[in-house]
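Two complexes are shown next, each including chain A; its partner changes from chain B in the first to chain C in the second.
After this line comes the complex of A and B, so read on.
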């Protein structure tokens, strides 16, 4: 039943974009039907997925006839359902948001293809979470990768956008290649293409190879450092509700793949956990550090995705270490933190991307330094963005705090007396996490201050208008969920316990989650805090209203003729942090400072280029290209010649079949 | 009953040589069509009992290979108004000789192939190989885009003959799938042909090297 609901939802979402293809370019009904279909599909899918999470049933299905000669096995358990809930939710939210953000009337050339790929991609992602054999998984994975490529390339008229899409294309192919190899090795170990447990007798080398390939394949998709290189420009250049989908959901599908494959591995060595934890810590720290240096608001948010994937991986790392050294408590706290952060990051990061989209839509720029003062013009967007920012910084009483707290507790357990010897070092992860949190706060103070406070730095910013109702509504839903999970964390206990139990494969251990974490106390504290904040805000509003003193521009500092350029900029705000992190960020300064007093014009700005794409790839690519020049001789562009190569290859392969020994014996014998 | 199958196969091989030697584009198209029709009737001769499925497949194949594709190519030929002659890289006679040598070699080679089941005719595999070789020869030695298309068509004919061997093992569904691919492929190519002539004012595939990076 639940499985059928989910599959029906998949079909509805899959075809959502199709009717619109037959509508006229500028008519709105195509978008309307797409939204209705996606909404209906999401509701059905959410019902099915939640039912699985609550009942903990496992459903199997095989779809014959989709592929000749091979089964198409699907399996739905709580772990799949945990991720499909997120996918269905974001499908609905993104679709509603798209109504205001990507109106068919305003984007008549791209709207239809966008909605077509949107539906197909969402359905493919759900199938990825359901897939139970290698073929189904890879098929869905490829469909997901291709459609997301088209979604990133929605505005393919812009060279930047094409560039971003190509980089993503390369990354996603690399990922699929690794997964092909991984499934081949898994077949080698288990003898089946089903996603079945790998026998305990499998050699350590083979297991290690499978693990590393999984880490490469899924890590690329999840945006783990240093495999994140496709992520910032892809997120920045896609339409905002697509960025939200990429960051909120697509990265999580990578995490899902990693989690699923890890459930199949018997006796994982502690080294795996340490590797995941380390990579997670690196992603978290560098992600937030690079985010600090960005001027493009969506690029900045994209680097925060890297940071949050890092936090998710840190949770997973603790859990893996726990499995290896037989400390179930570490496992539970780690995996619960990991899973809950998957949901939470999906919620607040999508909220942030959607609010960023609302800003981009009304001002036409993503550059933080040409915005400002938007809180007055777009109060809803400002409020919702602030909510998302508080959540992402892991501050109470919002949802980010709950999942980060779980990860913290997991990291601190090894040091809390139960730990044996050297595992105390794991607790240093908590220090890293604290640093990441602090840097994230700094980063979002920069964004909030630069974008929403002060006065507008460009006419676009001073003339911005609030987003339409559909966009605000979509954002409000996400914000509401952020608040709900933050204020009453008890609500996620059931799904979390259910999914964590499946991951651990241990019923008794899973049920301990309710005991290990102060759910009810935390709920009480959070609610108290929320009420206090509400009261404080109301009181402050009353005081501000009653205040009759004259209003001046921010940073006017008593000058009579202050202007927007006198403001403290977002870049200058983080300048000191950038200097501290210079060793890793290596910012580049363009232009010289003022040479004399009262200089006429000064042009100076700093950039923080990404270390993979902008530094290493561009350098090594040139060398690589130089080396390949001799091969150009065989690539002349002539079709005939290429066919000749194929013919030669066929001949060589056929010649291998000829039993030369037999022939010569035959001839000589006669 | 061997002669019943061998006769069309010999005809197919003769058509191969003819196509390598022919200089008029239209003759080339029609020979390919005749070859397609002969081949699509092959399953009818080969099967012991003839079911409805086989008849349907044969009819569809005849319609596509014998009527639709030649018509499309003919129309393309008229549309793009190219010189009606085949432009060879290697002369007609040498390619014909190469084709003949290839046919002889395939007959010799087929005897050594490790086949699981002996077919009802000894000519099936040689005919298959020589047809594929002919397709490849056309593809590599002719310059016009239309002859390229015919080359692919003949290549597919060769694969089809091989498929006849596996009639019982491979469902016709797969065969139909291949046929559909071929049809769509040629449909697309005949559209592309028009674009190539527009962009390069010629159908000479040598000019396509300009597209190289």
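After this line comes the complex of A and C, so read on.
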């Protein structure tokens, strides 16, 4: 039943963009139909997925006729449902937001194809989480990759948008290639294309190869450092509700794949856990460090996705180490932190991208340093962005804190025990996480200060207007969920326990989650914080009467003619940190400072380029291209030649089927 | 049972009413060192009362963030104070993982105070906020490293059992390292010399004082009260490492705690009187030194 609901939801979402193709370009009818279909699909899908999470049933379905020789099997368990909940939720939110943000009337050339790909990509993502054999998985994975490529390239008139889409295209195919190899090796180990457990007897080398290929393929998708290179520009250049989807959901499908493959591996060595933990720590620190140096708000948010994927991987790393050293408590805390951060990051990062979209829509710029003072022009967007910022910094009392606390407990628990050995590596992770938290605060105060506070630095900022109701509504839903999970974390206990149990394959350990974490205490704490603030504000109102106080210009040490351009800019705000991190960020300064004693006009700005795409790729790509020139001879673009290649391929495959051995035995035997 | 209720009442009472005494003691100590008579010990209380009776002027570029920041910072600090055991008595609130909440509540306070500083649009306040967030990245890391040493030694991830467990009899090297590291963090987090000079608003020293340039009247009173409370809470934490003594008699232990807190403030006063403020560019080095001290304490426990 639950499985049919989910599949029905998939079909509804899959076709949601199709009716719009037949409507006239400027009519809003297509967009309405698409939204209604996506909303209906999401509701049905959420019902089905939650039902699976609560009942913990496992459903199997296979469509044997579809593919000769392979079963095309789908399976739905709590782990799939945990991820499909996020997908369905974001589908609905993004679609409502799109109503205000990407109106058919204003975007008549791109709206139809955007909605078509939007539906197909979402459906493909759900199928990825359901797939139970290599073929279904790869098929859905590839559909997801292609449609997301088209979504990133929505505004393909702009060169940087095309560039971002192509880089993504290369990255996603590298990922698919790694997955093909991984599934081939899995077939080698288990003898099946089904996603079934790999036998214990498999050699260590083969297991290691499968693990590394999974890490490469899924790590590319999840944006793990140093495989994140495609991510910042792809997320920055897509329309904002697509960025929200890419960042909030698509990256998580990569995490899902990694989690799923790891469930199949018997006896993982501790080194795997340490590797995942280390890569997670590197992603977290470098993600937030690169984010600090960005001037483009969406690029900055994209780097924060790398950071949060790092935190998710750190949770997973603890869990893997726990499995290797037989400490179920570490496993449950680590995996619960990992899974909950998947949901939480989906919520607050989408919220932040949608608010960024609302800024871009009304000011036309993504440059933090040319904005300012938007809190008074766009109070809703400002408040919602601030909420998202508090959540992503992992500060109490919002949801980011809950999942980070789970990861922290997983990291600290080994240190509190009396065992020796792996606790050092794990506990060092807690220190990394503390540093990441403080850097994230610095980064988001920079954005808040630069974009929303102070006074506007350009006319675009001083004349901005608030987003329409549909956009605010979509953001408010996400903000509400952030608050709900933060204030009453106990609401996620059931789904979390259910998904974590499936991942661990250990019923008894899963049920410990309820006692290992202060679920209800945190509610009391949040309430306490809220009540304290309320009392303080009430007392405050009685004593102070802020609205009756006179308003004067900001005090500037006696200088009376200060203007908006004299404010501390977002770039100067993080300059100390950039200096401290210079050895890894290597910022580039353009233009020289003033040379004379007296004032003169100077132009000076700093950039923090990405170390893979902007430094290494541009250098090595040229060499690579030179080497590949001989291969161009077989790629001439003529259809006849390609037909010939296909024919040859078919002949070779047929030739392989001919039983030469039997024939020769037959002939010679006579 | 009665003692439990009394403990909570005294805990909250001290947390609410004792903080402004500490800056008074510090200022008195500094005056003694400088050969002056100095302000009365209770001067900070008088100052805060006076500020609450004054009117205020608000910058026209500010929004609600500016007004909310001192309130949120105070509420966060107060809640952090409730998580910490004072002297040998358990904290009113304790649960698994409360030490992370303790650290992150200060993060929440910092998020709001630095945002409020940027809300005024003043370059001075922006500069103060920039320094605050930058140094916090180092001091928060050092702080967590210090706590990690204590987690390992006590085998607990909750502040009350962690700090009340006999950490070291006799004091071991890791505890001494952590104590030294956490003391530097205490000075840095409260923006005292050698990191910041709380008496000046000069551009060279601008951190905390620069961030609150536009606060006036009750708002400024609240800021002063909040920073005194933060000093109180972090000092109470450091006390557990410096003087882990107890008498065993209920009243005497509370008396001892109050005396120890005053002594702690006097020590901070002595540090402030005998040291010069560091150049701003050397502050990160000092904080890294704190991190290294805690880190060495951490490494010493790896066997």
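Note that the second predicted complex is superposed on the first by the 585 of 670 C-alpha atoms of A that agree within 3 Å, B and C clash if a C-alpha of one lies under 4 Å from a C-alpha of the other, contacts with A are read in each partner's own complex, and residues count from 1 in each chain.
Just so it is clear, contacts are C-beta pairs under 8 Å (C-beta built on N, C-alpha and C of every residue); 3 or more make two chains touch, one makes a residue touch a chain.
Everything numeric here is computed off the predicted structure, so don't read it as measured data.
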Please indicate which partner A:424 is in contact with in the superposed arrangement: first for chain B, second for chain C, both, or neither.
second
By the touch definition at the top of the document, which applies to A:393: first (chain B), second (chain C), both, or neither?
second
Contacts for A:40 in the overlay, against chain B (first) and chain C (second): which applies, first, second, both or neither?
neither
Applying the touch criterion given at the start, work out whether A:445 contacts chain B, chain C, both or neither, answering first, second, both or neither.
second
Taking the superposition as given, does A:663 touch the first partner, chain B, the second, chain C, both, or neither?
first
Contact-wise, after the overlay, does A:553 reach chain B, chain C, both or neither (first, second, both, neither)?
second
When the two structures are overlaid on chain A, which partner does A:635 contact: first (chain B), second (chain C), both, or neither?
first
Have a look and say if chain B or chain C is in touch with more residues of chain A.
C
With the two structures laid over each other on chain A, which partner does A:654 touch: chain B (first), chain C (second), both, or neither?
first
Of the partners chain B and chain C, which touch A:644 in the superposed model: first, second, both, neither?
first
Residue overlap on chain A between the chain B interface and the chain C interface none
Okay, in this complex, where on chain A does chain C touch?
372-373, 375-376, 382, 386, 389-390, 393-396, 401, 404-405, 408-409, 412-413, 415-418, 420, 423-424, 427, 430-431, 434-435, 437-439, 441-442, 444-445, 448-450, 453-455, 516-518, 521, 524-525, 528-529, 532-533, 536-537, 540, 543-544, 546, 549-557, 562, 564, 566-568, 572-577, 580
Which bits of chain B are touching chain A when the two form their complex?
89, 109, 112-114, 136, 139-141, 143, 148, 171, 173-174, 205-206, 208-212
Show which residues of chain A lie in contact with chain B when the two form their complex.
68, 635-641, 643-644, 646-647, 650, 654, 657-659, 662-663
State the interface residues of chain C toward chain A in the complex, per the touch definition above.
52, 55-61, 63, 65, 67-68, 71-72, 74-76, 78-79, 82, 93, 95-98, 100-101, 103-105, 107-108, 110-111, 114-115, 118-127, 129-131, 133-134, 136-137, 140-141, 143-145, 148, 151-152, 154-157, 213-214, 217-219, 284, 298, 302-303
